[in-house]
Amino acid sequence: MQEITLADFERAIKAAAETALRNEKYFSELDSAAGDADFGVSLASGFRVVQNDWDQLDRSSIGAFLLKISMIISRNVGGCSGPIWGTAFMRAGMLSRDKTSITLEDLEKMLTAAIEGIQQRGGAVEGDKTLLDALIPVRNKIKEYVGKPDADLREVLREAAAVATEAIERTKNWVAKRGRQSFTGERSVGTPDPGIVAIATMLNDICKAVGVEPASQASNG
Amino acid sequence: MKKFVNDPANFVAEMLEGVALANPEMLRYVPEYNLIYRADRPNPDKVSVVQGSGSGHEPAHIMAVGPGMLDAAAPGNVFSAPPVDYCYECIKRLASPKGVLVLINNYQGDRMNWDMAIEMAQAEGINVKSFIIDDDVAVQDSTHTVGRRGVAGNFFVIKACGAAAERGASLDELLRIAQKVNSQVRTMGVALTSCTPPAKGKPIFEIGDDEIEVGVGIHGEPGRRRDKLKPADAIVDELFDAVFNDLPFKSGDRVAVMINGLGGTPISELYVLYRRAAQRCKEKGLTIVRNYVGEYCTSLEMAGASLTLLRLDSELEDLLAAPAEVAVRIF
Amino acid sequence: MKKFVNDPANFVAEMLEGVALANPEMLRYVPEYNLIYRADRPNPDKVSVVQGSGSGHEPAHIMAVGPGMLDAAAPGNVFSAPPVDYCYECIKRLASPKGVLVLINNYQGDRMNWDMAIEMAQAEGINVKSFIIDDDVAVQDSTHTVGRRGVAGNFFVIKACGAAAERGASLDELLRIAQKVNSQVRTMGVALTSCTPPAKGKPIFEIGDDEIEVGVGIHGEPGRRRDKLKPADAIVDELFDAVFNDLPFKSGDRVAVMINGLGGTPISELYVLYRRAAQRCKEKGLTIVRNYVGEYCTSLEMAGASLTLLRLDSELEDLLAAPAEVAVRIF
Amino acid sequence: MQEITLADFERAIKAAAETALRNEKYFSELDSAAGDADFGVSLASGFRVVQNDWDQLDRSSIGAFLLKISMIISRNVGGCSGPIWGTAFMRAGMLSRDKTSITLEDLEKMLTAAIEGIQQRGGAVEGDKTLLDALIPVRNKIKEYVGKPDADLREVLREAAAVATEAIERTKNWVAKRGRQSFTGERSVGTPDPGIVAIATMLNDICKAVGVEPASQASNG
């Protein structure tokens, strides 16, 4: 089975950064329905620095690269998102500190570490209507392919983007239980969670960046 | 907004520079990370005790750096948690083989950023642990916290841990002491007015000319309820009862009492409050071993005060009485 | 009026009771005469150093009673001089064979009442002398004074005389030291807001939302002029130049610098001011030997600050560095 | 020549106290024209205590009596008047500490000591439009009779009241140079000085109390 290289990670992060910048206003609007309307601005502030510092980022290993992203995100993203996204990148980075390419199994472990990190940092569980409700299905989908030697990484990516996209509608009518949105209680019902939309949009944009036709389209802010 | 301020964006940096300029021998200042630390630290034979939360609570916590108190403080902007890299740098520069103790007031932002920094430092082999302070009895959860908030009781955790660390206590020993203080300390505050963060330029909440916010948080978070302005003694009675009944304290307890000004209340009024608190202690059979009247944990220029009671045992009495020095000259 | 107060008529008495309750070992309190004095005084081998002016300037001067500082303070009501019998009782109870030194800030009411009390005490054979402090450069005469006003520079006279008295200096020696400090100390203040004496219930003067009073007196007396609110550095520059040029100070001087909060200004802002003052000292070739940032002489809850420069010589440096203790616990 | 006894002093102080209480409003009104309208209230607060404590006052000597009055006045009178009047009574009392009767020469010395005390305390000189401009002429008039063995004390009192009364009109158009009134500068021109009016009224009331027909009438508030 193919390995996932540092170059793949670079391409993915670059696409995610573009997602964050292109959707700055749209993600904040999503956060304004029930939250404090800062999510898009927060995320963009961090990924803008990623873009600006792009050429100087440490590329000695996948882990070093991700830890650098983690640092930039935690430093530059306000609200809950800074430590949550920062932790995710940090946990994933720690498992790949000395690797320049990883297996799908490694990726699944890194994603699991990221999910556990988010849960530990912010105390959310599945069902709280947070980006975990996109990330956990994505991780589960990837797990299905682990150990299948003939799995096509492009296919895995397409499927991952698909389950993340599905999460938007699936969770829309739930009540947000974490972050600023939880303070407005029932007002979150009927509004998609901004964090879930962001994850789905990023995965779809990564698909496009590597020439994979996504199963569906999440949004285009 | 009527304040002594230049560009509001530089308010915290200029304040820190002022503190550093005022203490050139005792302190070192690293502007990139809002870091203030003792010039003679880290000491390999002593656990480093550090803290960092939002600014605007001065003298907490940058002015609590000094012998027998904190070894370092890494404040964020006014009312915002220090970013992760400030926390990380603080731990890294204060790293001692005996360990680093991070004292965190229970606010979500502070907890998440410090937790993350601690994980990063631990991954590099630094011996660092943290302790969460949550002495405010006013509300269970709040807009900034899951669980109770950490407020002026913080001072006693710093003082006790600072003294024990100076005597060579281990990191685990300090965690035990922090835990003991936190379990025995209770606080509640009241606001007469709002306050205005320089960069915001507007009061953080509205309050009527005849209203008070009972149980206010140190970022102006709502407390238990709005009330009408009432005599000082009646206000103390409400704070005292809330604090006393929460632990609960009991007749015969030996206690430390703190009347903490929130920033805009003059010390004359704080002594009017202390008078009543001392009367109430006597009535309830509490022996006041030490008292603290002044500013310890403020909300910018907010008029208001908090009352803290700490139940003492011989270990804590001893630690509170230990010598200490802070970076603010009094005379 | 938003204050912690019960019956406004009892405000000063309740504050004093609070101070006494907070310092049961160190202080004695005589309610009939608003008198706070050290429990171990008078000492026959030491000159007693006392002061008494209006209340509302806390920590000056009741909270400056302690070893190495004042032996007693006899405050009047808020912003009013202590009545003659308070002054007389204070002198009488603190009478020592070595003498009593009364430090008087230059206000007509204070001067007249103390002078009369001193005459009465002298007629009874008590050895008592007084010294008038007038460090405020803002205005020559004022609504409360003939000549300059005595403000925060007062602290340095107390500190130096308190230290020398503790070492056994004679009354004449103390008068020489007081005279030296007063001749070398200069202060000017600025108000951002007014303040409200509890018994009056209304602000003592009106000031616009964008105005400041440059050179304000500590009872809200007019200063040099009204100005528009301006950046902190520009405000410090104006105070600094007024103070610097008055003595005048000169390059090479060794100085003590004080940034004194007027009551409602948080300590964070005071350090923003100190930063600029330190920059200006450097630029002018002054060496800052000691600095004082905090509240020393306030006007109730007035937002504002004053800047004091004191030119030092080796005698004064030594006296300022001497140990001292005040009746306000810090940690 | 007759001596002046403690009983005379008692009668005079009692009359002065009644003057102060009866004219509380009037004296404050006089102070309101150019001053801060507190003079009547201040003076009455002190003399009210004198009346209330009347029976317990120390009467062991003229001096003891006057020192007690001094203490009450200084303690209970606000503004400049407390220390000014208190000093006057104190200086006079100190010269008569061991006497139960005095000569006119003693009285002149006591009055001079009181005047010097007032000058020392408040820094005023003759011509500043203060009660000194009544007291100094009174002292001078008394001095004229000193050494005249046939001087009639009742005649001296009448003359003293007369020069004090004259002072009111004589100084009316002067500019006040001391106390709160001095802050309003020219506004004091044309208004009688409240302190001078008080001294004159008291002396006239003392005349009446001892059955001396005053030369003229100062006021009746």
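For clarity, chains are labelled A, B, C and D in written order, and residue numbers in each chain start from 1.
We take it that a contact is a pair of C-beta atoms (placed from the backbone, for glycine too) under 8 Å apart; a residue touches a chain by one contact, two chains touch by 3 or more.
All of these numbers come straight from a predicted model, not from anything done at the bench.
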Identity of the chain that, by mean CA position, is farthest from chain D: A
Separation of mean Cα positions, chain C and chain B [Å, integer]: 29
Centre-of-Cα separation between chain D and chain C, whole angstrom: 36
Chain centre separation in whole Å, for chain D relative to chain A (CA means): 92
Junction residues of chain A, two or more chains touched: none
Residues within chain B bordering two or more other chains: none
Topology of the chain contact graph, where touching chains are joined (line, ring, star, complete, other): line
Sites on chain C touched by chain B in the complex: 2-7, 11, 14-19, 21-22, 55-56, 58-59, 63, 69, 155, 159, 192-193, 209, 229, 231-233, 235, 263-275, 278, 290-295, 298, 300-301, 303, 305, 324, 326, 328-331
Sites on chain C touched by chain D in the complex: 80, 83-85, 108-109, 112-113, 115-116, 119-120, 123, 143, 146
Contacting residues of chain A [partner chain B, same complex]: 71, 74-76, 78, 80, 82-84, 86-87, 90, 94, 120-123, 183
